[in-house]
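Shared between the two complexes below is chain A, which pairs with chain B and chain C, respectively.
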Partner chain A sequence: MDFRFSQDALDLADGARSFLDGANPPERLRSEDGRDSLWPQLAALGLLGVLAPESAGGLGLHDDSFVLIAEAAGRVCLPEPLVALAAISVPAVLATYPDEVGGLVRGDHVSPPVHPLAPYVHDADKADAFIIAGPDALYGVPSSKARLTPVKSIDPNRNLFRVEADLTDDLKVGGAGLCAVMAVRGATYTAAQLLGLTDAMIQMATDYAKEREQFGQPIGGFQAIKHHLASAQVKLEFARPVVYRAAASLDVDSIARQQVHAAHAKIAANEAARFASEVAIQVHGAMGYTFEVDLHYFMKRAWALETIWGDTAHHSMIINQAVIDGGLDIGPGTTFDAA
Partner chain B sequence: MMDLAYTDAHRAFRAEVRDWMAAHVPKSPLKTLECEEGFNQHREWERVLKSGNWGMVTWPKEFGGRGVDLIEWLIFEEEYYGADAPLRVSQNGIFLLGPTLMEFGTPEQKARFLPPMAAGDEIWAQGWSEPGAGSDMAGIRTKAIRDGDHYVINGQKTWSSRAPFADWCFGLFRTDPESEKHRGLSMILFPLDSEGVTIRPIAQLDGNPGFAEIFFDNVRVPVENLLGEEGKGWNIAMATAGFERGLMLRSPARFQAAAKRLVELYRKKQDTARPAARDLVLQAWQDAEAYALSTYNTASRIMAGGKIGAEASCNKIFWSELDRMMHRTGLSLLGAEAELIGDGAEAAGRWLDGYMFSLAGPIYAGTNEIQRNIIAERVLGLPRI
Partner chain C sequence: MKVLVPVKRVVDYNVKIRVKSDKTGVDLANVKMSMNPFDEISVEEAVRLKEAGVATEVIAVSVGPQQAQETIRTALAMGADRGILVKTDAEVEPLGVAKILKELVGAESPDLVIAGKQAIDDDSNQTGQMLAALLGWSQATFASELEIADGKAKVTREIDGGLQTIEVSMPAVVTADLRLNEPRYASLPNIMKAKKKPIDEKTVEELGVDIAPRLTVLEVTEPAAREAGVKVETVAELVDKLKNEAGVIG
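After this line comes the complex of A and B, so read on.
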């Protein structure tokens, strides 16, 4: 029993974080173009293949080595759908057409996931194929057979399309179990990105509170400001271990248990991000309500991620079914599988 | 990969605790430890614990402990609260002073004070606050002036928990009368039956004398009872406060047990519950789980040589606000029963007692406002006022 990240996982995440900090500064969000220009570097750094086997050019690591990278991607509000592809598509392809994983890892093929909980797909116009969760099976749909309808997100760095296709038997690649895995992965990794966004928004508001002076002193010296930000930090600190446990349990615990862990992770991260975004705009005052500061990019991404892969209502029903209806106990046998 | 499995040794330890608790936990609840009879019942329970060598499992064997690691401590706590075992009357000693003594005490002090503390033979009160020094603890005025081999204490402490019935007290005193703020303070241990000590119990919200004022009139304490260096009491107190806010004072099992009772109560009352109650019950379940996860993470870090820092303040805010929310929710499910106490209202009374106690949580061990200042200044780096 050791609930910590390995040194290798921490080092890998540090590398990813310093690359992302340098490659995706806020100016890139402001330019709102070149939304996929980092693909070659992300692939070259091996970040698309962290969860893919070494035989496919990947690193062959478990999710507890990717969750911090997803958090780092959230922290810089990365436009590229690195997390969706590396943490949802790669495992889905690995479970269905393992020979095809190499193309995804190299960045040659882009096959984003589509799920009833995540029906809008970023940069779908650049995809080669889609991995679509249907009502009772998983489908692999080449882009030629998909119908794309552009839709507009409040987040200017999300280039969204509604993706639809006729899910015929010849496109079936796997059973409903894989759709469930996809949903659990989607919730867990969206939660991880929300942690990063929360961290970034708290940091921005903190930096602003140190600079902005009123009544002859930085506003960050006032307790009203301090307490807002401290409350946001508490939400972040207690969402983190929940998300990390959800990632650690992927492919390890039973799918029913993974679903509860992922639901908890998404609810906690949703709450932390929503709370931090409202605190951050309040601390920025009128400036926060404008395009003059970069906060709005992070806040809008948080709004988007709060709803996809299951909103709080969806995941609360999962916990409700397990705990109230299903009698799932609280304590060591639930916190970690097997007491 | 992260290792999130209990070992065979963990399982065996859990089974051992579970069996022992099943055989020894009193079948009917003890009276509140905030009355003389209840206090003595709880002291007796500490002796029963000691007879099984369960007094303070994390302490080294030489001081009356079992020398178990923090994961095993969490397992012990899970089984302890799972068995609905009594509250620890000795918590000031075993969770706060004990670790402080181990870090700052002399070998003689450790040998003198730790074994009777673990055995329940000496129950400790704490003496931090004064009428003029609450959140601003550096405002302490009670003096302990050196006179030969003794300190002579004059002044007043307040909100001293356990003091009405405890045996010993540890606290912070001004040993340098010319000093100000956090300089010139020292940590001193003294028996509560010392000549010149007057204890005036204070009725808490539930009417019981859970804490007291302590008046000092030329109380002579031998210099051997100074803990750490003279004048360095502030640093020692901060270390003690770290233990208090940090890991030990409120183990996750306590809140998991309350969350479990809340779920059970909700199942019985859901037909009459307001719609929002279900959300709150689920939130309580999740937050108790989150607190457990966070504690396992902190325990793992400490076992690997890490320290608990200002994030201890996050813990204190989280558990105290969770505890209040859970008990408020429990009361809201009880309807008209919620106001009843005493005979015939045991089930409801437990939620009301818990709610009253939970209202103290955001105040003691450093108010949550002070904790938020600490997070803002030491974690986020905002300017100090």
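After this line comes the complex of A and C, so read on.
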């Protein structure tokens, strides 16, 4: 089995990274009220259509290509809901109303996902419609039929709304299976963004440790700091393959197995991000608490993402049910089973 | 009209470079490499000429190791039509590159070469000028605007203290300055399409060019560390220091 990413996936991620790094520097995170949306450029560069078929103007690639792009979006703390739209909404619309995918890919329509595990929607006031996971079915709700209530997020770059609607039968677009798929995708791709955020926070802390001097030398020269940063990096490196595996199993493995992989990914990424944010703030000392340092934007995004699409307790329960109650085979012999 | 654009693979402009401990050069191990930013501007200009219907074909050329193919691919993803890689693992000086480009110009017969004004690794700022001299072509360096009409290129050049607009007859070599344009980001579909565009590989030997170095690098050192500043108590003290220590006012 070849575990490497394809050259196409790596090249596309490189292209996306280069755009995101240039278009969304940390200074942009400081101008939440007056900045122009990157949405037209995200659409023009093809980032919304990586998972959409070529007939709809997309690239027709699999999730193991988009996971790296989601990680890159996390790394720059992108305010635009690129990942939710491209990795959750596009596949949901593809499964229900494939003719409508083109509009999403071109950026003409914005239909964010709403799920009990992620009930608050970023930039919901700019949406045309919502894809809402109800108790037993998936619903397509035009914005005219949705009720939006602003909700304040800890993350200043997330413009959240609670989205509610009367989920009547005429709005039903798919069954409960699609709601489960949405949850798995949400957890996997939130984990991917957390990887990027963790990477960014470690990088910021490392840069600061090389620059800030105390007792006549950069603080990064002290073992206590080095060990902290190394431990954070180890958490990240251990979380990465878990998240990549979850992405690789999307739409390939059984939904039960996808759920376990996604749960594992979200737990590992939550843990890495939480640990890295604590280490980063420690390394920055009192500066880490100030608005002058960019760290807090990344840290608050990580805290926000940690709780959506299932927190660690939620995903621990999924694994518990699968392994203890469901009799899921675990161990080296079954790691790569696509059952 | 055919446009040839040389693109160089250099250390990414975001990388904080480190000088090797033996002072023979810059440490390139595990360092991110990218297209020289001025060459990105050249590619962008050539692609815009093509989009405007002025150019018919844009050829991206690189001289360097096999990995320089990635730099050509970047140019292809931005919109160039095909690439030529002149493979060599040797360090090639600007004169060597100019000679290689002269041979390629002979084979491809472009009407215009748009090069970056300099590469950010050696800051030589020589290749474009040397190429024009070797070919006996017109040259317009440090371009911040380029207009092609009636077999002539009208170029606005950035010079000390202002702008100079000149007209040169074609064929010509133009070197791009920073403000010529803002290079585009390659779209993901174009990155995929670039993989299918042809890249011709040649060797220096095939072109029969002597690239033996004419220069010897004696030593490479880091810039001197910036000294800490001082606080002055009064304006008079500041004026005194500016006058007598810094010597910036008379």
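Here is the rule we go by: the second predicted complex is superposed on the first by the 331 of 339 C-alpha atoms of A that agree within 3 Å, B and C clash if a C-alpha of one lies under 4 Å from a C-alpha of the other, contacts with A are read in each partner's own complex, and residues count from 1 in each chain.
Rule of thumb we're sticking to: contacts are C-beta pairs under 8 Å (C-beta built on N, C-alpha and C of every residue); 3 or more make two chains touch, one makes a residue touch a chain.
Fair warning: this is a prediction, and the values are worked out from it, not measured in the lab.
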Per-residue contact with chain A, leading partner among chain C and chain B
B
Kindly classify A:291 by the partners it touches after superposition: chain B alone (first), chain C alone (second), both, or neither?
neither
Thinking of the overlay built on chain A, is A:97 touched by chain B (first), by chain C (second), by both, or by neither?
neither
Contact-wise, after the overlay, does A:19 reach chain B, chain C, both or neither (first, second, both, neither)?
second
Looking at the overlay, what does A:47 touch: chain B (first), chain C (second), both, or neither?
second
Check the residue A:8 against both partner chains and state whether it touches chain B (first), chain C (second), both, or neither.
second
Chain B versus chain C as contact partner of A:59, first or second or both or neither:
second
Who does A:316 touch here: chain B (first), chain C (second), both, or neither?
first
For chain B, which residues count as touching chain A in their complex?
1-7, 10-11, 14, 71, 75, 78, 82, 253, 256, 259-260, 263, 266-267, 270, 278-279, 281-282, 285-294, 296-297, 299-301, 303-304, 311, 314, 317-318, 369, 371-373, 375-377, 379-385
Which part of chain A faces chain C closely enough to touch in the complex?
8, 11-12, 15-16, 18-19, 22-23, 41, 44-47, 49-50, 59
Going by the contact rule set out above, which residues of chain C touch chain A in the complex?
73, 77, 185-189, 191-192, 195
Which residues, counting only chain A, touch chain B once they are in their complex?
1-6, 62, 64, 202, 206, 209-210, 217-218, 220-221, 223, 225-227, 229-231, 233-234, 237-242, 244-245, 248-249, 252, 264, 267-268, 316, 319-320, 323-324, 329-332, 334-339
